[in-house]
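Presented sequentially are two complexes of chain A, the first with chain B as partner and the second with chain C.
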Partner chain A sequence: MIKQDLNILEEKSIFILREAKAKFENVAALWSMGKDSTTMLALARKAFLGKIPFPVIHIDNSIDFPETYKFRQDLARKWKLNLIVAESEIKPDLIGAACCGKNKPETLKKVLDEHGFDALIVSIRRDEHGIRAKERYMSPRDKDFKWNYKDQPAELWDDYSSKMGTSGHIRVHPLLDWNEIDIWNYVRRERIPVNPLYFSRNGYRYRSLGCTHCTVPLRSSAKSIDAIIKELETTKEEERSGRSMDKEREMVMQKLRSLGYM
Partner chain B sequence: MDAKRKKVDEASDALNKEPSENNWKRFSAALGKSGIRYYRMAWANEGKLNKMQDLTKSAAELYDQRYKMIAKVPIFVRNGKRIRGATKYLVGLQVLNKV
Partner chain C sequence: MRVKKISLLGHKDHGKSTLIGSMLMQTGAATKVRIEEAKKYSEKKGKTFEPAFILDSFAEEREREMTYDTTRAQIKYKNNAFEFIDVPGHEELIKNMISGASYGDIALLLVSALPEEGIRDQTKRHVFLAQMLGMNRLIVAVNKMDKIGYNEERFAKIKEDLTHFLKKINFNTNNVKFVPISAYKGENLTTKSRNIRWYAGKCLADLLCEDVKEGRKGEKLRILVQGIIGVGKDSYIAGKVVSGKINSGERVKIFPSGRECEASILMVKNKKAKSAKAGENIAIKASPRIANEAKGSIILPKSEKITPIKEVRSLIFIIRKPETWKTANIYGNKVGCEIKISKVVEASSGDVLPGSSFSPLNAAHSIIKLERPMLIEDYNENKELGRFVLSDSKGFFGIGISEG
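Entry: the complex of A and B
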């Protein structure tokens, strides 16, 4: 895994976050309590002098790990987050990719309608998945949340598009250039709190976090951030190999993202 | 210990009979000093859920620090016809990764 200069990454992410806050009237950030979105919140605190000036949304499908709920509770209090918890209803007959493709985007749509957000900060990274590599820093979605990845604005010389179709919104991706090891190096450098599920217990740890029923732990003995970084330097396993929905069908992630999944 | 254990047993029985919001709150309160430390999800079908309806047939197994199973509870809340997950009521427990 290629290590990048954290100062350059940080500077660019802070620039994008400030740009988003300045360009859009009503911005919100999505927080899944994972390492990436928590890092994004830490960057936002840095960008706006210690206080995150926009609401933070958790799309809660009500079957997250108890540790994740505890982490949410503790960090929201510590960082004084303006947290919006949007609970999605369980839909029978849906599971895996179908569940993510319907439940989460539907709940998100309701929140967007209710609060009128015109931009959403999402903490995806290009190295996570092939389809995420096609994203822009500021990427338009139409009113049905559809993403046309074949027709996106060019982003040359730090000129980001803030145009959108009627009643659509813009997804802002400040962590697009980061990779997994950069995130962990930054977490270590900035002492950012992370979900305890990332650390090994009884020989297993979670490398990517989702809901209880579609996330499996991977074999690992990494009990500290240093050990995780060391493990990542040598591993050949994919980051999302513990996420069942990624394995269901070919191109499933591409389909999910075009339907509005994060 | 016995009194605390009895409280957990009663609360988990009530929960298994009727997984309502009130029973979950009662169970959650009993969980506090019960000695229960770990949880493990026991899905209806071996391995994972095949559809969300299986959530109603799945359970959370709760263990003490010596990995002894203390209780088995459903992992959903039923509110009339609405069903949602109930893992937020297990806050404070750790996932049991022991094979």
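Entry: the complex of A and C
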């Protein structure tokens, strides 16, 4: 996995975050308490001189890990986050992709409607998944949340203005350029707090965090950030291999994303 | 590590995705899962292994074996890091090609050596666009050499014909290299091929390692202002330095308001700084009145005389016929505009066409009449202030660069 220049990545992300705030009326961000969206919040603190100027939304299906809830509570207080907890209901008959494809977008739709958000910051990265690699930095979703991936608007020269005024909302992706290893290097450099579940316990750690139903830990002895970085330097395994909904691979992710999943 | 961005160019089916797939395999950058998946899909389609499936992720892309939208893939090679930007070769998908290619530092053009393929209109159009997008370095990979018996004459002919076109569009041919390859068989990619002994040059990856002389960036201070940040009762103008340097305490001028302000408190990201340079995101403390009107402005040295213009001599490229009402999007400002064509240029040949009727996928030297004066600079001097995106109510329809 390639380690990129953190300063270049940081400047680009800050530019996109500021652009989103300047161009849209009502911006919000999704926060899953994972390493990526927490890094995004750290970048937003830098971009906006210390205080994050938009609400952060947690889509709470009530089956996240206890460590995750604790992390949410602690950081929300420390960073004075304007936290919106949107409760989603888990239907017992749905599992895996069907569950993620239905619960999360539906709940998100409700929150966006209620608050009238026209832009949503989402911390996806290209190297996570072939489908996410196809994304733009700013990507429109229609009012039904559909991603028209067959006809994405052009995006060049830091110009995002030709996409404004769509009837739905815009997904803003400030971390698109980052690799997994860059996130960890940045977490180390900037001393960003992370969920303890990422570190090895009894020979296993979580590399990518979802809910308790669909996330499994991977065999790993990495107990520190340094050890995680070392592990990532040589791994050939995919980051999201512990996420069951990706198991059916590309076609599932493509379907999920076209329906509004993150 | 600084990652060199390499934009693929070329006609559909000349092997762009296959080339990147092979590079990922040869440098060990493809994950196990991706290779397995590509293998399975190749079998399903009754083919021997197709490296392009490592890249093409949309179901439709694999089904039809063509790239719909741009994507990226990184590799490490001899202490260098490259990011390949794959783009669709199909004509109708040119907006996706432009989106991807606009991020490239180096252009990598694929030309199929097969007699029935060769240099096509789209091949040349892509090069024309790459030059407009600011890429001044080009590597031409003449592909599918394995299928023509590694014929040296065919390679030489393609080189000659393409060089002729490059000269016509004033592409600096000193910055162009040609290499014969087979993307599918992986020849001349990361090692020299034994089948192409007549070729004395470097393999493709070694050519990519060669360092580019950076074009001189404007040295005058230019800050693009994005918006305002409020901190308690204080207001800050937030923006990005695109060229030059600013020192804390320096007096600067804001265009278009003409107001002056002192950068008494200069922040680089969230920290107070003595100076800031090109590429950095900054914030300057300012009175609320100055800050409130600064959105979309340019910050300049106080003493510099500037001449905002309403008529911009430009080269434009359009992907479809625009509506009557259109805008030029200039560093974040949407400015209503009219386009007056002076000379139409066929992008696929570099020829000047008679008349002023202008069909999509071509270029034109034009006068862009803006509804209000803007600060525009020569694209060759200062890219960020010399370019614009054209749009109408349906969105993007073209790009333009100022010819000074």
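The rule is short, and it goes like this: the second predicted complex is superposed on the first by the 252 of 262 C-alpha atoms of A that agree within 3 Å, B and C clash if a C-alpha of one lies under 4 Å from a C-alpha of the other, contacts with A are read in each partner's own complex, and residues count from 1 in each chain.
Assume a residue touches a chain if its C-beta (ideal position, glycine included) is under 8 Å from a C-beta of that chain, and two chains touch if they have at least 3 such contacts.
Since this is a predicted model, take the numbers as computed values, not measurements.
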TODO: Once the two structures are overlaid on chain A, check if chain B and chain C clash or fit side by side.
DONE: fit
Task: Contacts of A:74 with chain B and chain C, given as first, second, both or neither - done: neither
Open item on the list: How many degrees, to the nearest 10, separate the directions from chain A's C-alpha centre towards those of chain B and chain C?
Closed with: 170
Open item on the list: Looking at A:204, would you say it contacts chain B, chain C, both, or neither? Reply first, second, both or neither.
Closed with: first
Open item on the list: If you tally the residues of chain A touched by each partner, is the higher count for chain B or for chain C?
Closed with: C
Open item on the list: Quick check for you: in the superposed arrangement, does A:66 touch first (chain B), second (chain C), both or neither?
Closed with: first
- [ ] Pick one for A:113: touches chain B only (first), chain C only (second), both, or neither.
- [x] neither
Open item on the list: Quick check for you: in the superposed arrangement, does A:87 touch first (chain B), second (chain C), both or neither?
Closed with: first
- [ ] Mind working out whether A:154 is in touch with chain B, chain C, both or neither, as first, second, both or neither?
- [x] second
Task: Closest Cα approach, chain C to chain B, once both complexes are overlaid on chain A (Å) - done: 22
Task: Common interface positions of chain A, toward chain B and toward chain C - done: none
- [ ] Provide the residue numbers of chain A that touch chain B in the complex, in ascending order.
- [x] 61-67, 69-70, 73, 87, 89-95, 99, 196-197, 201-204, 212-214, 217, 244
Task: chain C residues within the chain A interface of the complex - done: 1-3, 31-34, 37, 55, 57-60, 68-76, 81, 95-96, 98-99, 102-103, 133, 226-227, 229-231, 236, 238, 240, 267, 269-270, 279-281, 283, 295, 329, 331-334, 384, 387-389, 391, 395-396, 399
Open item on the list: Could you list, by residue number, the parts of chain B that touch chain A in their complex?
Closed with: 39, 41, 43, 48-53, 55, 75-77, 82-88, 90-99
- [ ] Could you please specify the touching residues of chain A with respect to chain C in the complex?
- [x] 2-5, 8, 10-11, 14-15, 18-19, 21-23, 45-51, 53, 126-127, 129-131, 133-134, 136, 149-150, 152-159, 161-163, 179, 236-238, 241, 249-251, 254
